[in-house]
């Protein structure tokens, strides 16, 4: 397998009860690149990225066929613990979801559950990740205050920092700016471009301009199918499929 | 303007209702307070009864109530909390679980004397614990169990799903998520439920009638297998047994005041906590 | 398998065991009631037990007819309803409709607090204050009567009814009221024709739960109902409701005898009655939530 490929989905079908949410999806996610998944609501793109950290297991009555690989390893094998996968594949959700704890504890949480007890190390890592998430200057004086007191955009950057602290390899963004204002959105996008150096990034978005701005590759989903996948520049300038073109030019969605 | 006359009469009646409610309930508290306070003294609170329950204090009675309540909580809190955690976090959502939820809700409405009979049949007779603190505590514990389970469940359900997902997505396991995220967030709600059930248990009489309570017992209870005097039962017994109704009545006033104070104080804390949570969540 | 995964399994296992053991106790109650209660039906006959008009459990030969006890419970509960429904629902309406924000913030917790007063305190109050008062007013041989029990039980259930009914009223969306005001209705019309019907099932849940509490209440009736196990003719007669029969007689009933089984059978019937009440309340409140578009 190509060493540039970080994650791969192979003929993935996914069912909620008897409804099929994903139909035979094949995709390659490249290392240190930003891959955007676009498509109208309910097309299965959020369901799809949740397969990469096995979050769909938490939903009852679901079924998966096909294979998901990370670094050529099948992540759904019985001997593999979902907890280990999630440590490697971080996730940022649609709505900022900080824990009702202090800013410091929010970041330290991931380290602590992974068995790190060294206080100095934790403190250093918290500072380092807050800086990386471009949040340090705004919160350095109130690390002990509740994270719920931050603004929506700050909360979302805190959630990103929380992922960074556990040193994941991949970060999945599930419509991270859906509930944010344009200025906060801009900051998050800058951050994503910055993080690309060290991480493989997958972002689900409704916002096509956002996909065009931040991503290297784009996949277009419709009704559970991956209609088209390719370089972002190609998808947005010369889509091969009529449906992709129709969506991008805003004829539905 | 007939419309407005009807309205005025109607509103006046509603006003009368709340005034009547507060007046009657206030009367109860007033009588018990003014008559009870006359007998309450340091001696009353710290001495054992003397002279066939006509003199002295009620210290062992208060201690008995504390033992019974404490015993009930030691038994019911861990069990109830575990049950709520299982139902909210671990159990698959199914019809069976739904039936379990409904029956727990229903058990919260079962008359307390029925719990007493259960305690008598199972703890006193079948398990042979006899009439004892242990039997009484277990019986009261079972009475508190549905209250604690449903309060804890409510608190656990109120924890947003999104922060559970956030925790799991960081590589925390299910138990770590429960321990570090879900429980601390739900804690105020759980605590309120537990405190309310303490108030309820402390004032219950029917469940301990045949499982724990004794009218008179010399000195303080020595082990969990001894019979015990308890405030609520003591009030009842003073009013219905014994040979000096007038002197006993005075003591019963004192006991009622102590019990009333105890229960209102405990429930007051819980209601205050709940009120604060409500305003916190907007 | 690593250490963490095993730990995880163990925790799940522990919670399952604990949860099922607490359920075991709760199911145990039903089993015990059936096991200890049903033998009397065999000896006496179900209908004779339920509708027999004589309750002389200690006579030789004994009579186990619980109709007087059932009627005692019904009388007392009915009387309590007459007291607690107007007071409780009226207070709830006042709190919801007329009280200002501050007044409500202040009174609602007080009402909730009053709901926690132990029943034995109510019983005690009934004995020392209400009993002599009734005896004097109506010139009775004893003040311990169905009326006394009704008054005390009704008063006792009032805060519960008020609190639950007020919750139901506060769920009625503001838009309902605004729509009514917009067509020129005044507050009273809005209250009686829009708000009360909208909250109707919630209010009935409150009343049913109040009834359930009254019929299952033990200490108060044991102390103030008078305890005569005969069919009552007026509210000024002493009665012996089911709960007080159990509480008063269990101490003397020899274990395993007919009397013992008969008392368990009464408890079983009581259990079933409150069970039915609670199920009805549950169903109505579920409908109520669906009607107002709240999550079920």
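A few remarks follow.
A, B and C label the chains in the order they appear, each numbered from 1.
FYI, contacts are C-beta pairs under 8 Å (C-beta built on N, C-alpha and C of every residue); 3 or more make two chains touch, one makes a residue touch a chain.
Please read all numbers here as calculations on a predicted model, not as lab measurements.
Ranking all chains by how far their C-alpha centres lie from the centre of chain C, first place goes to A.
The most centrally placed chain, judged by C-alpha centroids, is B.
Our note on geometry: chain A versus chain C, Cα centroid distance of 53 Å, whole angstroms. Each chain gets a centre from the mean of its Cα atoms; for chain A and chain B, those two points are 48 Å apart. Mean C-alpha positions place chain B and chain C at a centre distance of 16 Å. The set of chain A residues that touch two or more partner chains comprises 83. Of all residues in chain B, those touching 2 or more other chains are 173, listed in ascending order. Shared interface positions of chain C, defined as residues touching 2 or more other chains, are 4-5.
Interface residues of chain A facing chain B in the complex, by the touch rule stated above, are 53, 55, 58, 60, 83-84, 86-88, 90-91, 93, 95, 97-101, 109-110, 112-114, 159, 162-163, 166. Residue ranges of chain B in contact with chain A, taken from their complex: 92-93, 160, 162-163, 165-173, 176, 180-181, 184-185. Of all the residues in chain C, the ones that touch chain B in their complex are 4-5, 7-8, 11-12, 14-16, 18-19, 21-23, 25-26, 28-29, 32-33, 36, 86-91, 93-95, 97-98, 105, 107, 109-114, 116-125, 127-129, 155, 158-159, 162, 186-189, 191-192, 209, 212-213, 215-219, 222-223, 243, 246-247, 250-251, 255, 263-264, 267, 270-271, 274-275, 277-279, 282. The part of chain A that touches chain C in the complex is made up of residues 81, 83.
Within the complex, the chain B residues that touch chain C are 3-4, 6-7, 10-11, 13-18, 20-22, 24-25, 27-28, 31-32, 78-80, 82-83, 85-87, 89-91, 100, 102-107, 109-118, 120-122, 125, 142, 145-146, 149, 173-175, 196, 199-200, 202-206, 209-210, 232-233, 235-236, 239-240, 249, 252-253, 256, 259-260, 263-264, 267-268, 271-272, 275.
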